[in-house]
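Here come two complexes built around chain A, the first alongside chain B, the second alongside chain C.
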Partner chain A sequence: MKIRTESKGRYLVVTVLEERLGADRAVSFKESLARLIDQGHGAFVFDLTAVTFIDSSGLGAILATAKRLGRSGEILIAGASETVGTMFKLTRMDRIFPLFLTVEEALSARV
Partner chain B sequence: MVDSRLENVVLASILLRTFCDWIGASPQESRQIELCTAEALNNCVIHAYKLQPGQLVEMCVSRDGFEIIVEISDCGTAISSSELERSRASLQDTNPGDLDFIPVNGRGLSIIQSVMDSLEYKSLNGTNRLTMTKRISQPVGEEK
Partner chain C sequence: MKILQTPRAYDAQAKLMKNGEPEMDSASPSPSETSKPEILIVDDSPVQRALLGQLLRSCGHAVVEATNGVEALKLIEERRIRIVFTDWVMPEMTGIELIEKIRDGNLGFYVYVILCSGKNSKTDVIAGIRKGADDFLTKPAVPEELLARLHAGERVIELQSRIAKEEDKVAQAYTSLSKAHSKLRSDLDAAAELQLSLLPHPAFLDQVHFDWVFRPTNEVAGDIFNVFPLDPEHIGFYQLDVSGHGVPAAMLSFYLSKILHGAPVRDSFLKRALPQEPFYEIVPPDEVVSELNRKFQNDGDMFFTMIYGTLNTKSGKLQFTQAGHPNPILSRAGGSTVLIGGTGFPVGALPNVEFDLVEEQLNPGDRLILHSDGITECRNDRKEQFGTDRMRECVQDSSNQQLEEFIGAFVGKLVDWRGRDEFDDDISLLAIEYTVAE
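And then the complex of A and B:
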């Protein structure tokens, strides 16, 4: 799973560089995020701007990451397209992960 | 026919979306059908065949007037009646509540139930068939 990371203050911005976050990518995505948590990162912004497709496995990888982080961790979602945002709303995951239009908006909201 | 690998799920669902685009489904409708097809195929690969490659998953797509009908069949472990019953609960009925109690997986069937217009599942003589339909608004060749 291709991702790019960039530290922005206390947040690590994880930009997903692939269009599809489906079952074929979910495990490697989850493993990549687990490594970042093991490196000590506890607050994330997931930039999903490039993502045009996400299924329940992709959502599950994000959820599994949140569980691994625990209550002290934080995950914000940025750049979700209408399709991806609809998936978060359909599954009520938007109640767990705040959705922002851009990474900048997500970071500004948490200053 | 699709070999039971997750990478083939990607190909099959993109192919289906292309078909939906071609017959006049809206972008939203095509994406919805693609999602549900991927969920159903994932279920076959992951749950029916336990991620064993080399097994066959059959996908059959047809159009009947304003309806797109997708049938997905496998010869693996069938979905249990309790899982089917659970999937009928609306995703909106579930309360996110405490993160600790939210399951990581298991939403695929519920998503199909929520998005498609109908879902039928039959298991007979070792073959499991999931049939889902979606009405599209303005298919090519149909009067509105």
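And then the complex of A and C:
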């Protein structure tokens, strides 16, 4: 699972560098995120610009991360394509993880 | 180079060097050190054999002798001899021919061959090595050099034995893995058979006709569905897709299929008891799904998307709850198709969330098509997704066909579009037709 991380204020921007966030990638994505949480990160922006496909396993990885973070944690989603955004909406995950067009938009909305 | 020798070896060398002539006495000290490998000396000259033999025996080696290559080969095979000193020029079979035979044969163990010869030109050495000799000894042998070369050979044989043992271990591990694998495979096949047996037979139930497609990616799938009577006026149906693939997903789907049924009220949470006639009521789909959501909360990321619904077979009233599952397609008898439903949380993903109840009126000839995301997310070679629009078009194109033909035609279109008859995700589609009243 290829990701890139960058701190922006109190957020850690996690850029997913994979096209597909499906069953085969979900476990390693979840584990990468768990390590970041263990390092003390509590607020994330997931940049999904490169992702063209997400399925329930991919959503599951994000959901498991949210559960690990607990109530004080925060996860914002940026750059979701129409297909990816549809998946968030179909499962109402957009109500849990707010969707933003870009990372900048996500960060400025939360300042 | 440091040469490790036993005191006895020094004695033997001293003796040999002092006398200048070898003793012909072959009754040298018996090799009590059985760990030392047996050595074969191949030479047509009895004097040469005796000379070398005595020195080796005095170092604690058991020595066997052969006068030519043919005898030697037989001995190597019979006694599994690992170290051979062979003369170059011999009648019947030369040392080089012997080496070729050893290397070509399927002895199953490595033989370290030291070629002994009066020849010592560089070209001879190279030719010998090309043919497979491990080392050279120029006659007459200097005892110290001979023993040094023997030690080198022993090290190679020892290493080779260790490698062979490791190879044995690997082979054993492979065998037990193969056994475990075929056990798993047969277990999975049994599970796949069980899963198929859980699916309903395409059938007519009252005013309802249904048929389906089910294509698991692995032996077993996280997709499962069913259609069953709830009471004389209602059927229940569901389709669900457990996140992930394979055995964990399948186990949950098996369990769900066992608790979602239309059995008598006390065994079913799709119906609940009432104190008066008819002593039960059918639980509305949104309440059923909420109850499942309560039941299947977990700390991990195991959840499932589903549609559970009921259809009043007398009135055509359809009620369903959509939990993160793709929108069903309603194919009207007149030929139009429409996506129905909306959005909903998956089941087991989050506690205390609301689920919506959707209502539609079905008319005779209308079809409800439920499908898992494996169909809409199926990609072709150009990495395009099949998508909801194409799915709806396919349904619309085949809407005037009989249900079985419609199912066959749909699968055909999906396979054509995909370009091959295999899929990355579990594929399931359930079509339910509300038939014209008799």
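Everything below uses one rule, namely that the second predicted complex is superposed on the first by the 111 of 111 C-alpha atoms of A that agree within 3 Å, B and C clash if a C-alpha of one lies under 4 Å from a C-alpha of the other, contacts with A are read in each partner's own complex, and residues count from 1 in each chain.
Keep this in mind: a contact is a pair of C-beta atoms (placed from the backbone, for glycine too) under 8 Å apart; a residue touches a chain by one contact, two chains touch by 3 or more.
Note that the coordinates shown come from a computational prediction; the quantities given were computed from them, not determined experimentally.
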{"item": "Superposition on chain A - do chain B and chain C clash or fit", "value": "clash"}
{"item": "Which superposed partner A:D55 touches (first chain B, second chain C, both, neither)", "value": "both"}
{"item": "Chain B versus chain C as contact partner of A:A23, first or second or both or neither", "value": "both"}
{"item": "Partner chain in contact with A:T91 - chain B first, chain C second, else both or neither", "value": "both"}
{"item": "Contacts of A:A64 with chain B and chain C, given as first, second, both or neither", "value": "both"}
{"item": "Location of chain C clashes with chain B - one stretch out of 77-85, 95-103 or 239-247", "value": "239-247"}
{"item": "Overlapping contact positions on chain A, where the chain C interface meets the chain B interface", "value": "23, 53, 55-57, 59-60, 63-64, 67, 83, 90-93, 96"}
{"item": "Residues of chain C that touch chain A when the two form their complex", "value": "241, 243-245, 299-303, 305, 324-327, 343-346, 349-350, 353, 373, 377, 383, 385, 425"}
{"item": "Residue ranges of chain A touching chain C (in the complex, touch as defined)", "value": "23, 26, 30, 52-53, 55-57, 59-61, 63-64, 67, 83, 89-93, 96"}
{"item": "Contacting residues of chain A [partner chain B, same complex]", "value": "20, 22-24, 53, 55-57, 59-60, 63-64, 66-67, 71, 83, 87, 90-93, 95-96"}
{"item": "Chain A-facing residues of chain B, complex", "value": "6-7, 9-10, 28, 31, 34-35, 38-39, 42, 45-46, 91-92, 94-96, 99-100, 102, 104-108, 111, 114-115"}
